[in-house]
Amino acid sequence: MTLFLEQLLNGMQLGVTLFLLAAGLTLIFGIMGVINLAHGSIYMIGAYAGTYVAATTGSFLLGIPAGLAAAALTGIAVEFLVVRQLYDRDHLDQVLATFGLILIFNQAITMIFGRQPLFVGLPDALSGSVELLPGLFYPLYRLAIIAVGLLVAAGLYLLINRTRVGMLVRAGSTNREMVRALGVDIRLLYTAVFALGALLAGLAGYMAGPILAVQVGMGEQILITTFVVVVIGGVGSVKGAFYASLLLGVTDTALRAYLPGLLRQVMVGPEADALGAGISSMGIYLLMAIVLLIRPKGLFAGNT
Amino acid sequence: MRTPITTYLSLAVLLVLLVALPTLADLANYPAFTSVATRVLIYGIAAASLNFVLGFGGMVSFGHAAFFGIGGYVVGILYQHYSLGEPLFGVFPGSNQLLVTVPLAVLVSGAMAALIGALSLRTGGVQFIMITLAFAQMLFFLFVSLKTYGGDDGLIIRRANELGGLNLRDRPTMYYLCLTIAVSFLFLLWRIVNSRFGNVLIGLRQSERRMAALGLSAYRYKLAAFVISGMGCGLAGALMANFMRYVSPDMMHWTKSGELMVMVILGGVGTLFGPFIGAGAFIMLESLLAAWTENWQLGLGFILLLLVLYTNGGLQALFSRLFRRDA
Amino acid sequence: MTRPILNVTGLAKRFGGLVATDNVSIDVRPGEIHALIGPNGAGKTTLISQLLGELPHDAGSIELEGREIGNLSTARRVHLGLARTFQVTCLLPDYTVLDNVAIAIQLRQGHSFRFWGNVRKDNALRKKARGFLRDAGLDDRAEVVTANLSHGEQKQLELAVALATEPRVLLLDEPMAGLGHVESEQMIAMLRGCKERVSMILVEHDMDAVFALADRVSVLVYGRIIATGTVEEIRENAEVRTAYLGEGEDLC
């Protein structure tokens, strides 16, 4: 039971990380109609900048503004210099241009920081474990990630449902033309949404730093998983992204944790491990396949 | 609308040059060029296959490396079972006969394309891009975890497949094999593009709505095109496995899908020869940049970015704009 | 009285809280042009899309020659003899004028899983397509790329393409929109010319055209049909004047 709860929390931690990325990605697509492959690069840049500052100053806290600022500024620069010219282009051009950005960012990071992964220690205040239930110890830092993720989700909910900007965002993600017709400074809105998405990606990257190795290529790996989230949740839907992130995080974690054990009861150890690893790494994609069979537009797609 | 005689002439000249290429390379004291040309031909087949759905059909697939990789792995896996003398699944014997392995590679990648296409084509637009990418990545992870077939490290194919008395390790022989297949493949594509099926496919790219209003059920035509395209990539993958005598999950990594796309756009989307030009340009660019700096990907990224932002329609369009004749 | 060739009863469609089509019943008799008029946003185009199956309807029935087609795919409906034109022209821009018509005929001829023969060298197909172009007065523009056509020519091509599917009932979505006076006259003559072969629902704002062509007129306001009748009846109908034309304004 405690093991199960622990895995559930692990799944949630992965889930909120995915959500931080997926929220931005799905909004950027929903509102601007742009597919942005470089979103993963911004995650990586947030991780590198934050981790580097944290490692040199020795303060985990100082890393936060560094990571967020680097990510947001990169996001604004990307929007201003590249993505802005792609709004009216077809998806192929968007894919190729942002693919080019990935190559540029990956190589630039390699040139600046080298090929060795960066590591940062946990902040002292968050390094221990807490006993959530009798016998269930869970790392405080991972709990903090979950808390931050849920807070961001709540904040986004309020922003989207309770503010004027949110109203525009909602309108924009279902009917792009309408927002244009409203006479809003659409450019500013676009830049703001892009910057917000980048900020969240940077936050996710920095928070993942102490758990994963900060290295080149980290962005693309999670980006593709994020795509799966967006497809399952329904393109343009932040709510869909939230539920799909948690669903995916928990499914992925559970499969990796339990499948080899289950298989070992019916076949030999090493083979079971290999097969289990294979199937569980495919798990989220199979989940996507099932969702596509039932609801091709995703679980929370709009009525369009 | 008659094809001008000059077109046939230039095609004939091109073919003569291609046939003479290994000899010319030897004369120029640069025999390795034959290998480079072989690589260009193989990637050209893959890029032309991708272009069939992307350029002619308007379906932006970001997962075509999957079929390239599957084609390669069919050759690799059959070879492993052949060399170990263990039948696959205890039933099918392995093989090292090119006339067995390559058609099988084409069929298996076609079947996989049917599966992935049937699911991905239930949506369109940006979802299609993400889904094809995701499924390709799924296969990548699958092959990474298949330790029986080398996992991360891939499979070494100690000896290339056999085809009659030909020695496929011999550079010119392999080159001529690939040239023959590439030319036949291109001829086949040319026929399909101009056929009734091609007419429908190109119509779908221009306006799906119009085609529906004319009474077309788009799904099955798109799926058929996707399968044909997957088979072409599988063919290229099988050739690549024989050429490199090695397969690995890297063949289906998402960056490979991206590279195939770059080749297509370099050469010009929706043209028959474009992908081969693009494959050539990409491989040249890669080796030039790599020789110049180890950070060649940075250069490639910038070139790609500039190409997309400031030209429209790839190198062909760029050239025709630079050397514009009176239109 | 002849049996209607297209018979729509109780058709309804909602978008969220918005009622786009409210219990619409309309029929078309063989050889008839039934005009559908109404203010902008009344749901005329939405209605056409539902008839062709591009948009699913929520309730009601659509019968073509006595056969219920409301649950069939667009492709099936087209094969049974329904066709439409688009208000904002929806053609294949990279293809020539001739190609646009030829592909319509090709699709009429059955499946297109034929991978070998060159479709542009299919003389029977090309000849047939030229025939439709001649009828539309576009034969001298056959080899022009469609994107380069003038607006009026595109409208003519829209009609030629729709006719090439050899429909029994044609749904016309504002064929006169954006046409000059001469072009409108041509279009009216063309529509009148094929009236014997094809029944039509004509959505149109140009009242001259409506009165010149229509056998009957229905008025759609806020998704509801408020009146149906002959041209004279509609001209005299007080309710139509209030709802659609504004009080006291003269129709012509």
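Order as written gives the chain letters A, B and C; numbering starts at 1 within each chain.
Here, a contact is a pair of C-beta atoms (placed from the backbone, for glycine too) under 8 Å apart; a residue touches a chain by one contact, two chains touch by 3 or more.
By chain, UniProt protein names: A, B = Branched-chain amino acid ABC transporter permease; C = ABC transporter ATP-binding protein.
The model shown is predicted, which means the values in this text are computed figures rather than measured ones.
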Chain pair with the most C-beta contacts: A-B
Chain of greatest Cα-centre distance to chain A: C
Inter-centroid spacing, chain C versus chain A (mean Cα positions, whole Å): 48
Rounded Å distance between chain A and chain B, as computed from the means of their C-alpha atoms: 32
Euclidean distance of C-alpha centroids - chain B vs chain C, Å: 44
Chain C contact footprint on chain B (complex, rising order): 1, 191-192, 194-200, 202-203, 206-207, 209-217, 221, 224
Residues of chain A defined as touching chain B within the complex: 29, 33, 35, 82, 85, 90-93, 95-97, 99-104, 106-108, 110-111, 220, 224, 227-228, 230-231, 235, 274, 277-278, 281-282, 285-286, 288-289, 292-293, 296-298
For the chain C and chain B complex, residues of the former touching the latter: 52, 54, 73-75, 77-79, 83-84, 86, 90-95, 99, 103-104, 106-108, 112-120, 143, 161, 165
Contacting residues of chain B [partner chain A, same complex]: 54, 60, 62, 119-120, 122-123, 125-127, 129-131, 133-135, 137-138, 141-142, 144-148, 254, 258, 261-262, 265, 269, 295, 297-298, 300-305, 307-309
